[in-house]
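Remarks on the structure that follows.
The letters A, B, C and D name the chains in turn, as written, and every chain counts its residues from 1.
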Amino acid sequence: MPLLTYLEAIRQGIWEEMERDPSVFLLGEDIGAYGGAFKVTAGMLERFGEERVIDTPICESAIVGAAVGAALMGMRPVAEMQFMDFISCGFDQIVNMAAKIHYRWGAAVPLVVRGPSGAGVHGGPFHSQSNEMWFVHTPGLKVVAPATAYDAKGLIKASIRDNNPVIFFEHKFLYRRIKEEVPSEEYVVPLGKAVIRREGTDIAVITYSAMVWTALEAADVLARDGVSLEVVDLRTLLPYDEQCVLASVRKCSKVILLHEDTMIGGMAGELAAVIAGKAFEGLDGPIVRVTAPDTPVPFSPPLEARFLPSVEKVVEAARQLASY
Amino acid sequence: MAQARPAKGRRETPVPDAHTLERMLYYLKLTREAEVRIDQVLYRQGKIVGGVYVGRGQEAIGVGSSIQLMQGDIVLPSHRDFSSFLIRGFTLREIFCNWMGRANGPTRGRDNTLHIGDIKRGVIPIISHLGDTCPVACGVAMVLKRRGNGNVALVHFGEGTTSRGDVHEAMNMAAVMKLPVIFICNNNAYAYSTPTEKQYAVKDLAVRGAAYGMPGVKVDGNDVLAVYSIVGEAIARARTGGGPSFVECKTFRMTGHSAHDAAEYVPEQLFTQWKKKDPIPRLEKALLAKKILGAKRIKELEEEIKQQIDDAVAYAEASPLPDSATCTEGVYCSDQCWWSNPPAE
Amino acid sequence: MPLLTYLEAIRQGIWEEMERDPSVFLLGEDIGAYGGAFKVTAGMLERFGEERVIDTPICESAIVGAAVGAALMGMRPVAEMQFMDFISCGFDQIVNMAAKIHYRWGAAVPLVVRGPSGAGVHGGPFHSQSNEMWFVHTPGLKVVAPATAYDAKGLIKASIRDNNPVIFFEHKFLYRRIKEEVPSEEYVVPLGKAVIRREGTDIAVITYSAMVWTALEAADVLARDGVSLEVVDLRTLLPYDEQCVLASVRKCSKVILLHEDTMIGGMAGELAAVIAGKAFEGLDGPIVRVTAPDTPVPFSPPLEARFLPSVEKVVEAARQLASY
Amino acid sequence: MAQARPAKGRRETPVPDAHTLERMLYYLKLTREAEVRIDQVLYRQGKIVGGVYVGRGQEAIGVGSSIQLMQGDIVLPSHRDFSSFLIRGFTLREIFCNWMGRANGPTRGRDNTLHIGDIKRGVIPIISHLGDTCPVACGVAMVLKRRGNGNVALVHFGEGTTSRGDVHEAMNMAAVMKLPVIFICNNNAYAYSTPTEKQYAVKDLAVRGAAYGMPGVKVDGNDVLAVYSIVGEAIARARTGGGPSFVECKTFRMTGHSAHDAAEYVPEQLFTQWKKKDPIPRLEKALLAKKILGAKRIKELEEEIKQQIDDAVAYAEASPLPDSATCTEGVYCSDQCWWSNPPAE
């Protein structure tokens, strides 16, 4: 199997869907000749032409709105946000136009809004955000956040084929840091299905995106002192895989909810409610959240390091919880 | 509706034939009467709840524009373009069912007023968030252009809406990409209580066209024939690869902003002045003078219109309200849930 | 004490702050001569003049952005959204410009963005939304949602005096339905402090805004069959009063989290995480959420009635939980 | 800085005196050298991390504009207007500390590049979200207008940024309210990799002024004297109640979009053409010819500039990085936490 980076896997997934389905097309800023700020769409203009790889002016709201219009006409647009931080400029079109059309008048809106999100590259407050919760809280959307190259490819393909608006959060820190063997045979990873990255018995760590790797490292460390972590990668945040989460919690009876996003109103809250509501009897200890603090993402490396949940923080939280 | 064919070269100003003229008068009167029934009767009877917006006095804009659309064209009406829905084939029964929140209305009671859409009939409805349909029209036009059948997208919005960023982003994008979309501003002098001098600092919004590199023209929005020809030119240009246009239709809102608004902020004489410019008698007189229609035929049309409205209202009132259990259906498009516009395979 | 509606109380609060502090001014659509779509600012143009009651074009992003600029100059702008649904159009200026300035370069941004939110008046999907969570999840903002006329006045005054951007959610269903005696003497209700609306012993109901009244009605019903509800009104959602919430939960040992907003990613999740994290030992039953379903707000009365949490739903949930 | 006084009537085109001319040359050279140090030296040494944007070749816009500001005026620079910060009194030490994320930089390491602000010194920084400072400038101008001291707000943005809705909403609002704000478009021919023909469909963006009812003029952005007079006229108009203006400064980005971008998409000859129009030698020649400055004085300035930059870089490198514990401080403005710009009581 060929070795692909997380970024190459996304490119290949989009590429295959473009080959497979002429209704798939791309729009965004600098995605054509330049291939995108991170080169995700490199080579696509040459292969698919200007009609299917469309450079736009700087207008996120019009980019998303145009994607909705094209989707209503039966196309499958994939819109790139140069950074997912800038999705706030197209926010209204996503939450009010795209998300509600099917419920209101029954038209399918098959589109994907994708782009790089997350911190760890010293991008500062406006190039490092994790903005998934605005959309997880919006009925009618689907929200995806892959952690591995295999999933990134399989999930972008599934997202493009989905008949609903999908907000696809790629983690820029993983783009070139992860290299995996990815099968060249056709496959998709279904939306809404979590996966257990590591089997464990003592504490379930529910997480997604880059933090999956942090959790796995922490699991290695803890294994040495006999604490067994189970690591659940949600992969899709909306709809999320409640059954998988509850099963893992019931099995381990203790749970840590981990994400890079800030704490208040973060995904950990939603998961805590579902767990404390439906797996209450199964809980042998408090539900623990390990997340970023409630601040913007600071720029300077020492501050950013403090902002990001680390292996150390997960290990410490797990040790405390294990001894509860 | 005729098939759109990309004409060779730029067309000359379109002139409506007698049949089209009669249809225009018919739709003007039907729209006027249907909306009167809505805000003067049903709303006051409490049979329509929530916000109620009508386009009284500005019916000529929707009629003069949508009457020219061909199969495959898409219109994105504003909240005051009732006539566009009728012209594109929505029945009065469907429309009144929607106003009354009935289960068999096009939104199944989920959305109100004219938030009614159907891609097959070429109508994409507004959302309340003003201006949001302008970028959507660009996306529609991207697809129409690529398909190469000479189809166009028509998007209506009020003059107040032009202050929103989405309108700007869309007009600029359409100009850069030479998209077949016509931006039609229904300038009815007020945005809720806000007069134009508090909305923009130019005499005519038509000048905005030049700011994007597209033609910008103003037209008497109460003259359905003038709207027909000016919008017709823009449509012809768009069908033949000439790109987008901006048309400012000057008109007046002959009601309050909505049914609950007495519009005390509007100087009385403005209503009396504009009453004289009512587009319906204007067209009617012209057709009678030109002997295109006789008084008798007009009577027939009015009879027919009254009956249709009575029928539609009765039908809607007799129609069931939605089963509350359906509240949670259809949030997502999946095989189980969605009732129209499947995505093309 | 004079009887005031919820709406009149807000008007009076704004009015008093305008009288007290010349740096307070208003901007928004149709707020001047017309007095606002709901007449909250009626009479203010006449009293304070065009320099302090500014009608704007229809441009929510510029309205919020201008408020930020004025706030940076030492003013205290109060911006009205004609409906809080339309705050999505000014979203980027709130979450990226207003919320982060103090953290980034230390300038105070004392502004209020206020307007009517919530359902119950057949407004349909775009005039009925509860959009508080987008802002509860944004560090640097404060989020307020009063339930009573007394609080509405005291909280709008406190919000105007606060040196941070405050998003103030008024509930349009309460505007004219609530009439209370409100003291004419000067008072403010501090941000960040919840209040116990009704003392109880069996189940704590944590809620805010219009749902406070639903909870109180449910408490009356349940009192008859001997189930005692304690009703906590958060009043401020960010920062929220963790101590009050935890104390109430520990006292009752069972909790229902109630809000009109949709469930996934709603405030109930955040509260569940804090409770299951810090009051775990105090819990004698699963954490129960009673919220709207995850759909847009439907228009037709039967659908809207199904959408809204009702007294019946709270009573039923409480009976089940009581018998746990 | 002199005190702004609302002059009676409209001023004639302003002409810089000898002292101002020297300062302009000084700031041009200082900006050029400081930015070369940043992207050619410190970035490559890995001493500056994250995104690095410079304004090489377009320094005349910031210099020719900000040099005219008076006490109480506010400038909102773009990400390429380094000179505006210097002219308004930020020290090189402060600026380099910020670029290097030091604890004693103006953002205490929380934000990067030129995201540096201080109301007392009349600078409000951009956020990365392009165009967002335009509405902020309107709010600033509302306050300046009300205070009546003849102060103005100056906001810079690139030509690509004009495609964003916020710029439109702000320009329209400013025109309607006759706000003392000058919208300055630094048109450097590219937005990242996007050339102007993919950004807008007009020859000159200056025509946008007319769309809002404000003067719109274009100027050679590489001619600091032309910028000085054109922007000066706009400032004079704004100071005296004449309302907003739009100025399009034509220039060229002599680097990639950021330090990591080789700009292979830019035809080589464009760089060579624009090199000839470099604003710095242009002013230097003019001043030498007019004998306003001698070669010796210029040498002195260059010496001084080099020393200042060396000092600032050394100072920044010797400055501490922030204590990680401060990460969670200052999210809110309360008595405990906030270190500048207390709201006026």
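We adopt the following convention: a residue touches a chain if its C-beta (ideal position, glycine included) is under 8 Å from a C-beta of that chain, and two chains touch if they have at least 3 such contacts.
All values derive from a computational prediction rather than experimental measurement.
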item	value
Centroid comparison with subunit A (C-alpha atoms), farthest chain	B
A-D compared against A-B, more contacting pairs	A-B
Inter-centroid spacing, subunit C versus subunit B (mean Cα positions, whole Å)	37
Geometric centre distance via CA averages, subunit C-subunit A, whole Å	30
Cα-centroid distance, subunit A relative to subunit B, in whole angstrom	40
Set of subunit D residues in contact with two or more other chains	107, 110-111, 115, 127, 129, 163-166, 169, 172-173, 176, 198-200, 331
Residue list for subunit A, restricted to those that touch at least two other chains	57, 59, 61-62, 85, 88-89, 92, 96, 100, 103-104, 125-126, 139-140, 294-296, 298
Subunit A to subunit C touching residues, read off their complex	85, 88-89, 91-92, 95-96, 99-100, 103-104, 125-126, 133-134, 136-137, 139-140, 238, 257, 262, 264-273, 275-278, 280, 283, 285-289, 294-296, 298
Interface residues, subunit A side, partner subunit B - complex	23, 51, 54, 56-57, 59, 61-77, 92-93, 96-97, 100-110, 139-140, 142, 163-164
Residues of subunit D defined as touching subunit C within the complex	74, 106-108, 110-111, 115-119, 124-125, 127, 129, 132, 134-144, 146, 153, 165-166, 169-170, 172-173, 176-177, 330-334, 338-344
Residue ranges of subunit D touching subunit B (in the complex, touch as defined)	163-169, 172-173, 175-176, 178, 197-202, 207-208, 210-214
Subunit A residues within the subunit D interface of the complex	29-30, 33-34, 37, 55, 57-62, 82-83, 85-86, 88-89, 121-127, 293-296, 298-303, 305-307
